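The structure under discussion is supplied below as structure tokens; questions concerning it will follow.
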Amino acid sequence: MSNSNEKLVEVRHLKKYFKVSKGLLHAVDDVSFYINRGETLGLVGESGCGKSTTGRTLIRLLEADGGEVNFHGENILSLDKKQMKKFRENVQMVFQDPYSCLNPRLSVFDLIAEPLTNMEEYRRDKKKLDARVRELMDVAGLSRRLINVYPHELDGGRRQRVGIARALSVNPEFIVLDEPVSALDVCIQAQIINLLKRLQQELNLTYLFISHDLSVVKHISNRIGVMYLGKIVELSDYQTIFASPRHPYTKALLSAIPIPKVGIDRDQIILSGDVPSPVNLPGGCRFAGRCPYVTERCRQEEPKLEHVGGNQFVACHLAEENK
Amino acid sequence: MEEKKSRSQLMTVLKTLSRNKMAIFGLIILLLLLIMGILADFIAPYDYAKQDLANAFQHPNAKHLFGTDEFGRDIFSRIIYGARTSLLVGFVSVGIAVVVGGALGAVAGYYGKRIDNFIMRLMDVLLAIPQTLLAIAIVAALGTGLTNLMIAVGISAVPTYARIVRASVLTIREEEYIEAAKASGTTNVRIIVRHILPNCIAPVIVQVTLGMAGAILTAAGMSFIGLGIQPPNAEWGNMLSTGRDYIRGYSYMTMFPGLAIVITVLSLNLLGDGLRDALDPKLRN
Amino acid sequence: MGEQNLLDIKNLSVEYKTEDGIVYAVNELNMEIGHKETLGFVGETGAGKTTTAMTIMGLLPTPPGKVTSGEILFDGRDMLKIGDKERRGILGEEISIIFQDPMTSLNPSMKVGDQIVEMIRLHKTISKKDAMEEADRLLEMVGIRRERANDYPHQFSGGMKQRVVIAIALACQPKLIIADEPTTALDVTIQAQVMNLIKGFKEKLGTSMILITHDLGIVAEICDKVAIMYAGQVVEYADVEGIYLNPCHPYTKGLFNSIPKLDTEEEWLEEIHGLPPEPTERIEGCSFSPRCPNCMKICKHKKPGITYIDDRHYVRCFLYENQEVKADE
């Protein structure tokens, strides 16, 4: 699926913290990864793991507290306003909730045209703008009849197509997709996933695909990163993650997914307890409190993301030992 | 290819509103008052300032529908011109409050932190003073008259709209479509004007109708105590004031302006309530 | 067959009056569930699952809702015809409901223990002390320490709130629990915990359950029977092996094909083209015909009746009508 080894996006030691009344919330805590051009990196995890925050901090919708984000080799976290404008034409985002990511007072035309109206050439030439919007509607699979319709008159799937058309309008190279299909019914989900895949192939797009749904992520990603409480605990290509997960959390996550087949007997790893709060974390491995294989070392020392062979990286003392 | 006709939210709101009989009643009354005010010169049978001492203190009759006052001026004509004054005060003072208060609230809500603090503390200072007293203080400083009255009532209402708009902005600011606009490269000012403010309209509209009622009452009150519109200009408040001295035998002199105030304020309230109901659940979509 | 069903829904039709016209939410629905059985009620948004659940409980707002036909027999009684007093006695005691969003189904200003106690004392004459003891026991049964009975809902996480909701639902040991997407709002690992819990008490207490969901994975894990719903009708009904090993209705097949599979690699997911019908639309013929890959001429004009594939599996589809005739011969 990927046709190059050019690192389009490289994230190094990205940090994002939030001050809350009880202390400091480590939403994204020293996260590093890269994405090759034309590739899809899937970022999975449950609520509170920091995947959405990572996505937003990556494109500076939130200001990072540390680290670098290199796009085409240039650190975008230090760009000024003018340079950021150019960046915004190269990197776009598709949001999760099709019911809240569209301004209810704007028509489909206005919504799709928005990123374009920030560009000189489209501000001056109304005809060009109109033609481009219609073209985008075709690309996203929206009937042109709907051009003057308002979001509340559309169903979730069509609204998401509007969001996709909007993101594609400026011909971006890289798109961050934050749970783009989670709010959609299964059948519509399939349509949108197919659309995203096709667009990636046709337009040579690079995706960061954020989701909590592993089966969806597997279907569309080349490589997958698993996040837990602000850190990446496992990073590997999609086949390896599913065939031989090394981190206990990944294993538990995989075994928790209900399988739509009868007559399967499998050992489900049921984790005890809840996800701890990402505020004022204890030292040591963040998964120690729920890990079925926890040792004393795990509670004291935080494991680093290490290479364990092939394309696989794991942050776990036990996985490291069993290399 | 035929484009699908869309029903914007405005039409949905109007449709819901049309089902509320009380609100429509209020709207009709207001429209009548508006027409009265605009066409006063053509409708009023007499000049509102024309004195006719020989015909003073006449009870309502065929020639003078609402009777005449102590100077023989036709009360019916004065009520009509008074409508123009009251509505003018209502629109302009609320208009000032919405524009100034709205802008302040939007900036405070969007940028937050120190700017927010600064602006809202300023608003708090204004709010600490009762609205009518504040208006009186401003008029005392600037002098009486229509313009100053409108400025005074307007300024005293600024904090209310600043608060309302700020509250809306705080909520809307967190919506995903604002993030989407930022990701599209839209500038902050454009985000405020194009995305945030249009979605704040609902609570402001409701407050505007109720605010107009309040403004009219405040203006009437100020004229009543002599700090607003002075006679011979026709204003319902000052008509009440002068009529007070003759209430014993000539109660009609206070009754008509009083009724006019009550009906206007009531209509505005009915319309405002109806708008609140029509706008609220729709926006939850 | 023999044993009487716990719940028997016959030809239920429910409509809503809205601004845009009449919404035909449920159309001649037929469904049954036996004692100690779990039925998976599967369908997408707008198919009519929640409306059906509300109608069973008698919680349908009327107006704008209206039951236009059918009967709902619960343990022999028609839920649509009983009086309010009798219904209040049944709800909570014999039929309980678990809603999707635990955030809003718990009273935020009442202690969790008190909410369970309230449910118990509504249906049993029992002293407050005994009720509190029972509430503590229930909390432990759902995996919450009994000391937490004095905490408020906001002090619990989403998964734990849902467990409290389950404890309340179980308080009077109902015969039937209706669970409306009970784990949709939860994380996957928490969902596994809660599903495990539900499996546990199901076996222990012998409760029947209607599990409303769009997740075919959960259905496979826990259900005995499955009803697939589309546009207000049950289009396929079978026991769980029947649905998964021999799905018949084109919509059922489409649903299965749309799910990205973990164990196989596929380049493209199979799509069902188009969208479910608008709720106010009345389609001539089979409601799935505009989207059906196997649509025949007759499908566009006539509505399919119920065809039995075998005595535990029926389908509403003209593709199978001849087969039944053959089976009769």
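Lettered A, B and C in written order, each chain numbered from 1.
In the analysis below, a contact is a pair of C-beta atoms (placed from the backbone, for glycine too) under 8 Å apart; a residue touches a chain by one contact, two chains touch by 3 or more.
No experiment lies behind these values; they were computed from the predicted model shown.
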> Looking at C-alpha means, what's the farthest chain from chain A?
Replying inline: B
> Ranking chain pairs by contacts, what comes out on top?
Replying inline: A-C
>> Counting only Cα atoms for the centres, state how far chain A is from chain B in Å.
In response: 50
> Using CA atom averages as chain centres, what separation in Å is found between chain A and chain C?
Replying inline: 32
>> On a C-alpha centroid basis, what's the spacing between chain B and chain C, in Å?
In response: 53
>> For chain C, give me the residues that contact two or more of the other chains.
In response: none
>> Could you pull out the residues of chain B that touch at least 2 other chains?
In response: none
>> Give the list of chain B residues in touch with chain A in this complex.
In response: 1-9, 175-177, 179-187, 195, 198-199, 283, 285
>> So in the complex, the part of chain A that touches chain B is made up of which residues?
In response: 56, 59, 61, 84-85, 88-89, 92-93, 95-97, 100-105, 107, 114-115, 118, 144-150, 152-153, 163, 166, 170
>> Please output the residues of chain C touching chain A within their complex, sorted ascending.
In response: 44-45, 157, 159-160, 187-193, 195-196, 214-221, 240-241, 244-245, 254-262, 266-273, 275
> Which of the residues in chain A come into contact with chain C in the complex?
Replying inline: 46-47, 155-157, 185-191, 193-194, 197, 212, 214-216, 218-219, 242, 252-253, 255-264, 268, 270-271, 274-275
